[in-house]
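Common to both upcoming complexes is subunit A, partnered first by subunit B, then by subunit C.
Entry: the complex of A and B
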């Protein structure tokens, strides 16, 4: 049995650790490239949202590398994601692939449920090994996210932006390879030290809140690397969601770490007073939170036709007015061109900068 | 007391219910006029570009009602009409979306219909609304029972081969001429608020009838039957409308007298993108056509595709009748 799974940012690191920990052969799909997208687009329904297409591309590429089992998350609506696995399975079957699909359905999941499901995949693992594998995976994820956050902070501040990205990427690879906690920690410490040592400039930095659909935020290849572009233009980006939040809130029902999920939902009132599937309500709540914490602007991203984000976008205008913060929405699909996206980001940042210097002049 | 109900979205499933409920409670119910170009344009100007056509059309109707001197506009948050199922994320945000985007909005009656777990909250909301109109609990409950009955009556009318829009007209006391029987039979599926809204669908049902086809809609199939068929799918479809459509597809696929199936999808619609794909896969024994529309679609293009589809069905049938195997 060779197990594979869809990509979602650095998610492959904890999953890889988890599966290895329960003695499963893992095939990590190749990173998302133009070919992945091309394959996905070719075989998926035309109007499907982008994450489904990329999933399909990931699966095909993984099966080309010998994978015969796919692990995928499920759900029960109201959004399309809950039906992804079914449609994907049909598509791949029609293409003649022979494989098993394990869908982690997590309706009211508990940690023990997840443990059982994980153990179900690794037939030869003991419950104790499964438990340890989950813990190690979670640890790795936390360490990777420290690198991600450090990069988000430093990228707009350092002079040599190429170098810091290279250091970061080497660090991520190092964590993926490391086999025990102390080496993981060592890689993380070294990488951060190295990043911190780079020379910085003294220009003023804008703060941008990045909100929107989960997958688009977490998988940079689906958003034309918005976060990096912004960093390079000179804006510090805070994301509304990290993978650990997603795992915590969606896979294990908020059991692993305290979550500010409730606070965010509270902030979505009075603009959006009910959940609308996906991350629609969180998008609105996060916009409000960012506005109230002194951010300069908000960028909402999501796949074209994403239903919860369209609902959120519909009320964001009102949020923007009432909370006095500029908002911009960018949707992505297979036709999105990085150059076009970059231009729009630049224009937005320019506008914010002008606004800020005017405000500074007025107050100073 | 004047209460407005927009001619869009849930109108095509629940108008008789809410009309009865509010009338019984002494209100005058006003609807907007049937969808036309102006509706689409007014709605598109207000909604975000990425919204689907039915939502834009709904905005257009709301806009029209804004100038009608209403006391209230009825725009419920329709989350779920049965256990463990949903309609669509957009339905869940409608009142908030209207408040954020439609200037001059009358006061909303935005009760939440969420029966995914229980109907307790709906009952509470109904009582609140009824009290607002000056009625007692018992009268409100009675009105709601009557409303449910009237809605069933309307669905009963639709089951005789009318579209829900036609059934609503008949229910309202109008006389309609029954469509002529054609030589072809077509199963026609899609979300009711696009399919039955002749303005939004560019007259799809009439066009198909004009081409000499009898149109079979979901409402004319046995409801229990549909559920049974839908239950054969490996994973329960958690969209109410999508599940019924899938049950309908599986059923129509088996029925000899139906020559082909047409699915009307809206561009950018989430559920349609998945259900349309599944419907096509489950239609194994006869031709299937996916028609996708948005606010820029032209009638001529649609007519051409329909004509081609019907021609093909007729050719197939001639070949069948002359005992040749259908595929060389």
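Entry: the complex of A and C
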């Protein structure tokens, strides 16, 4: 049995660790490239959103590398994502691929259910091994996210932005390869030390909150690398969601770590009082949270035709006015042209910079 | 004389202006890019310099538009800015109290909301270019009308026909259909103007508060039919600045002047001999370094590579800097 799974940012690192821990052969799909997207677009319904197309591309490329089992997340509620695992299985079966698909559904309340699901994939693993594999995967994820956050902080501040990206990427690869906790920690410490040692300049930094649909936020190849672009033009980006939050809130029902999910939902009032599917309500709540924590601007991203984000976008105008924070929305699909996206990002950052320097002049 | 050069390389037109040290427009050139931006930049630069008497000394260069990076490479710009900022700066220096800027160019349309002289909010068309200059161009040539006469002809209409304006292609089918039904061509043209304005307000101006004074600029502002349609729908006067078609370039020149004034350095302008004395060519190749297969463009001056772009990993983009260092 050779198991594969879809990409979502650095998610492959914990999944790789998890599956290895339960003695499963893992096939990590190649990174999302133009070819992945081309394959996905070719075999997916045109009106489906970008995540489905990239998933299909990932699966085809993984099966070309010999994968025969696919692990995919499920879901519920009005967002189409919950149905994607089923649709993807049908598409791939119709193409003639032979494989098993395991759909991980969010357990209602018990961690033991997740444990059983995980153990189900690894036939030869004991319950104890499954437990340890989950713990190690979770640990790796936390360490990778420390690197991600450090990069987000430093990218607008350092002078050699190419070098810091290279250091970060080497660090991520190192964590993926490391086989025990102490070596993972060592890689993380070394990488951060190395990143911190780079020369910085003293320009003023804008703080941007990146909100919107989770997959588009977590997988940079779907959003023309907006976070990196913003970092390169002088903005520190904070994402509304990191993989660990998603796993915690949506795969295991908030069982692993304390969650601020409720706080975010509270903040969405009085702008949006209902669950509108997907992360529509979270998007609004996060916008409010960012506005109230002194951020300079908010960028909402999502796949084109994403219903929950469209609902959220229509509410964001009022959030922007009442909370006095500029918001911009960008949707992505396979036709997105990077040049157009960069122009909009640059114009948005320019606007914020001019506003800020004017405000500084007025106050001081 | 000393001048600031502003250059706006767009999809349809390439615009050049020279501003004197008191921000007065000394020369302007409006050229069709015609798919050859390198040639347009050379020609436009030569024309704009020839348009003023005596030798031209450039004190600063600003570039904008989708071809701003190419123009930067060829001219040696001091400021390279996006179109939103450039247009806003230009409109504001002419009409300081402006609150809404409508800009419709060749393939982009934007709305910029200004408050107290700075950009407060903006939007650009994202998924559809119906209603921009290229579409009007195409329809004018289909009706065998000069694009310059489009607006004047449209104003002769007594009763505009309703044209479906959501999609450029369907707008065209609808126009053909209305023609076949026998509607006068003027009424169809005015109907198209109104459809484009509706499309703009629904797609680009979606959810934005449009407040007077409203300034309308960009190439399409030359079309008086569209101006009338905007005034009718918005219920307010729409001002068109005298040099509406080169506002982006004016903005770029002003930004260059501001930059030179603030940092007190000399311009990085490459000089006339660099621009006209060499052959600029561009070549693209597919990088096979990874499965992304990026289309990498290389700009050469007399067989010497001066810029690369298009690669995601920046391997090519940074290779020149490494070689020069």
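Brief remarks on what is shown
Heads up, the rule we're going with is that the second predicted complex is superposed on the first by the 362 of 364 C-alpha atoms of A that agree within 3 Å, B and C clash if a C-alpha of one lies under 4 Å from a C-alpha of the other, contacts with A are read in each partner's own complex, and residues count from 1 in each chain.
One rule holds for everything that comes next: a residue touches a chain if its C-beta (ideal position, glycine included) is under 8 Å from a C-beta of that chain, and two chains touch if they have at least 3 such contacts.
Small disclaimer: the values here were computed from a predicted structure and weren't measured.
Within the superposed three-chain model, A:331 lies in touch with subunit B and with subunit C [touch as defined at top].
By the touch criterion defined above, A:308 reaches subunit B but does not reach subunit C. Judged by the touch definition given at the top, the superposed model places A:354 against subunit C, while subunit B stays out of reach. Once chain A of one complex is fitted onto chain A of the other, the partner contacts of A:162 are limited to subunit C, with no touch recorded for subunit B.
By the touch criterion defined above, A:65 lies against neither subunit B nor subunit C after alignment on the C-alpha atoms of chain A.
In the superposition on chain A, contact is made by A:34 with subunit C only, not with subunit B. Of the two partner chains placed by superposition, only subunit C is touched by A:343; subunit B is not. Legend: residue contacts after superposition of the two complexes on their common chain; A:280 is shown touching subunit B, with no touch to subunit C. Touched residues of subunit A were counted for both subunit B and subunit C, and B has more of them.
Residue contacts after overlaying the shared chain place A:49 against subunit B, while subunit C stays out of touching range. According to the touch criterion, the shared surface of subunit A, contacted by subunit B in one complex and subunit C in the other, consists of residues 304, 314, 317, 331.
The touching residues of subunit C, counted against subunit A in their complex, run 66, 81-85, 116, 118-122, 124, 126-127, 207, 290-294, 312, 314, 318. Residues 45-49, 76-80, 82-83, 85-87, 90, 94, 271-278, 280, 304-308, 310-311, 313-315, 317-318, 329, 331 of subunit A are the ones touching subunit B in the complex.
By the touch rule above, subunit A contacts subunit C in their complex via residues 30-31, 33-36, 162, 225, 304, 314, 317, 320, 326, 330-331, 335, 339-340, 343-344, 346-348, 350-351, 354-355, 358.
Against subunit A, the residues of subunit B that register as touching in their complex are 47-48, 50-51, 77, 79, 84-90, 92-93, 95-97, 99-101, 112, 234-235, 237-239, 265, 267-274, 276-278, 281, 292.
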